[in-house]
């Protein structure tokens, strides 16, 4: 009896969760002009429209580039700072660590604003670069947290062994530490990519003409309900799912480590 | 005598693996039974079935004459002490111990009084207000015991309760467990892989292997006259030799022993081997163990294990004469 | 580090006036109250919906299907945030799915207004946070030793009693953390209220955006941001204190 209720509840919730996405995908195949009922026969016209829309495809490209570069930078900086904290006793270590993870607790809106003001002040114009830097700022704490949590004492011993055998600092870092940490590095990079790819607020605030996909979608929205948005949304959804599946599969292969 | 607990032809599989194979067992009231066996023998599965956490695929479980096979743990007259004790971390010791009574609807004052009394029985009266994380492993174990005993179960089930303790503490707890069982009078069923523990605690030991019962009975009997080869090797050490039966005796490379016609092997315990005798061999290993020396001698192609006095001065390669007490030789069938 | 420069600098001399404006201008004050109300409602509803769902996934779904079930439950999480809020618009708009269906079924004579109201914002938020909380509560439930439940039932507790006396207290800290996360993320979110709530009722992030976008008034925007951060900090301190009490 309780089983039946549980099943019903679960199904209801699944329904709730998938409702908007299902509607989105369904009406991306809409034959007529408006992505609302009634549904008029499956049509790919909006997908072609999206692919033909230069602004959207440019936005897509920009998103990918910004995501890749900012994630790489965030991972690198996260790695270096985690290594610094783990290996050396910095003064006020706990405070500094808190400072680095601070952006995690602050709304992206506020971070974006702060950066906007800061960039204004130093004369950096609104651009993809500015947005990229913004993404590094929001992802850095995450990378730091992930990598720092994986730096244990046993790795310190391995590094000491390497130094004992004559390797210089740089070599130790490149040949020993980094490769040992690869699951954490991969996870950081991947998560940063995911957050950057979908990120709206900071990109919105910090770019002007050339912008990322989420912002372009937003601009589309201003024009009202539009099946092109559905098509783009469905495609973004598809990409995200593929990324998630890739992550799942590689995460499984990481297990035996 | 009606058995308190009757396990009738119980079988169970996990997927393709048969974990329990047609196991039947009857246990007397006020007894201390130990289920002994290596990992994978099915002993823990049997305990889970007794406790009601697992429904056996085949067979019946009767407790106090009632068919409890499909009964939920809450309704069964059993209580379980888990391997990790499972004390509720957010409750005080008093709250933990009184939990079962609370579920029965007993009023707080009475609950607390009974909990204090039970904690006294296990020697932890002062811990009433403390929290589990403040206690040591041995203390937590005793609390788990108190928590289970307070609901006055017909049978107390213990799942490798002493596994997490160090040797000295384990020995101490073994004595305490035995004493508590005698005092409370509840039937205990205790699962372990430690044969010394089994022998120390059990009135009745049940040796299990690969899902079936190899042997069961009083520890003295099971040790001195094991019914199967597995039991002979699992309980204590022994040297096993194969031989041929002729004229009521079995002829082995280590000598002749009285045996029935269907005997195939003989097991010899190291403590029944002594210096001086008709068997000649070469010492291959000597290990000092404090109270005795564990000597392995190669005799007629067999590695014979002997437990010799600590003062015995032997070295590897030395030739030695040994004798076996035939009265204690264990004859095994196929 | 660049983190220091993140703290917005209210324009010189105008800083105090920006704050004063906050306290005197009623619509500003209302924005904060609206934000708090909406966020608290969203947090409560999301936790209440997510907990049973996570429970079902953790304890009732057979082990081999759990990962799949969880992934499915969280899948729409992976849509672009903007797109997902927009898709609720499709569902809730006057000509959207809900209204069309109800009209066609004859249950309504004219469309009801859901989009561009607080309800829509709440629905949009709850949708997202139920997924997030299901994930966190699931993890929380799974890492509880199964022996706790076994011990409780062994001692005579019914399913409900086990939940109230054992599981709930043990998972409460985890839920608090999840609820706090929900609170922080929701209160600072611009997209969902903007798309779904429209401009009828403003929440703090929308107000802040307005200051930057239309008026270029960084001072006000900064002041409002700091006030928002202060609210979050208060919530954080409250949670931290509560968690410490729990620990003791």
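Here the chain labels run A, B and C in written order, and each chain numbers its own residues starting at 1.
Here is the rule we use: a contact is a pair of C-beta atoms (placed from the backbone, for glycine too) under 8 Å apart; a residue touches a chain by one contact, two chains touch by 3 or more.
Note that this is a predicted model, so its numbers are computed, not measured.
Farthest from chain A, judged by the mean position of CA atoms in each chain, is B. Chain pair with the most C-beta contact pairs: A-C. Note: centroid distance chain A to chain B, computed from Cα atoms, is 56 Å. Separating the CA-averaged centres of chain A and chain C is a span of 20 Å. Every residue of chain C that touches chain B in the complex is listed here, in rising order: 145, 147-148, 150-158, 161, 165-166, 169-170.
Across the complex, chain A meets chain C through its residues 2-3, 6, 9-10, 13-14, 16-21, 23-24, 27, 34-38, 99-100, 102-103, 105-111, 113-118, 121, 137, 198, 200-201, 205, 213-214, 217-218, 221, 225, 229-230, 232-233, 236-237, 240-241, 243-244, 248. Listing the residues of chain B that touch chain C in their complex gives 51-53, 72-74, 78-80, 82-84, 86, 88-90, 99-100, 102-104, 147-148, 151. By the touch criterion stated above, chain C contacts chain A in their complex at residues 1-3, 5-9, 49, 52-53, 56-57, 60-61, 71-73, 75-76, 78-84, 86-91, 93, 95-97, 100-101, 127, 130-131, 159, 184-185, 187-191, 195, 205, 208-209, 212, 218, 221-222, 225, 228-229, 232, 236.
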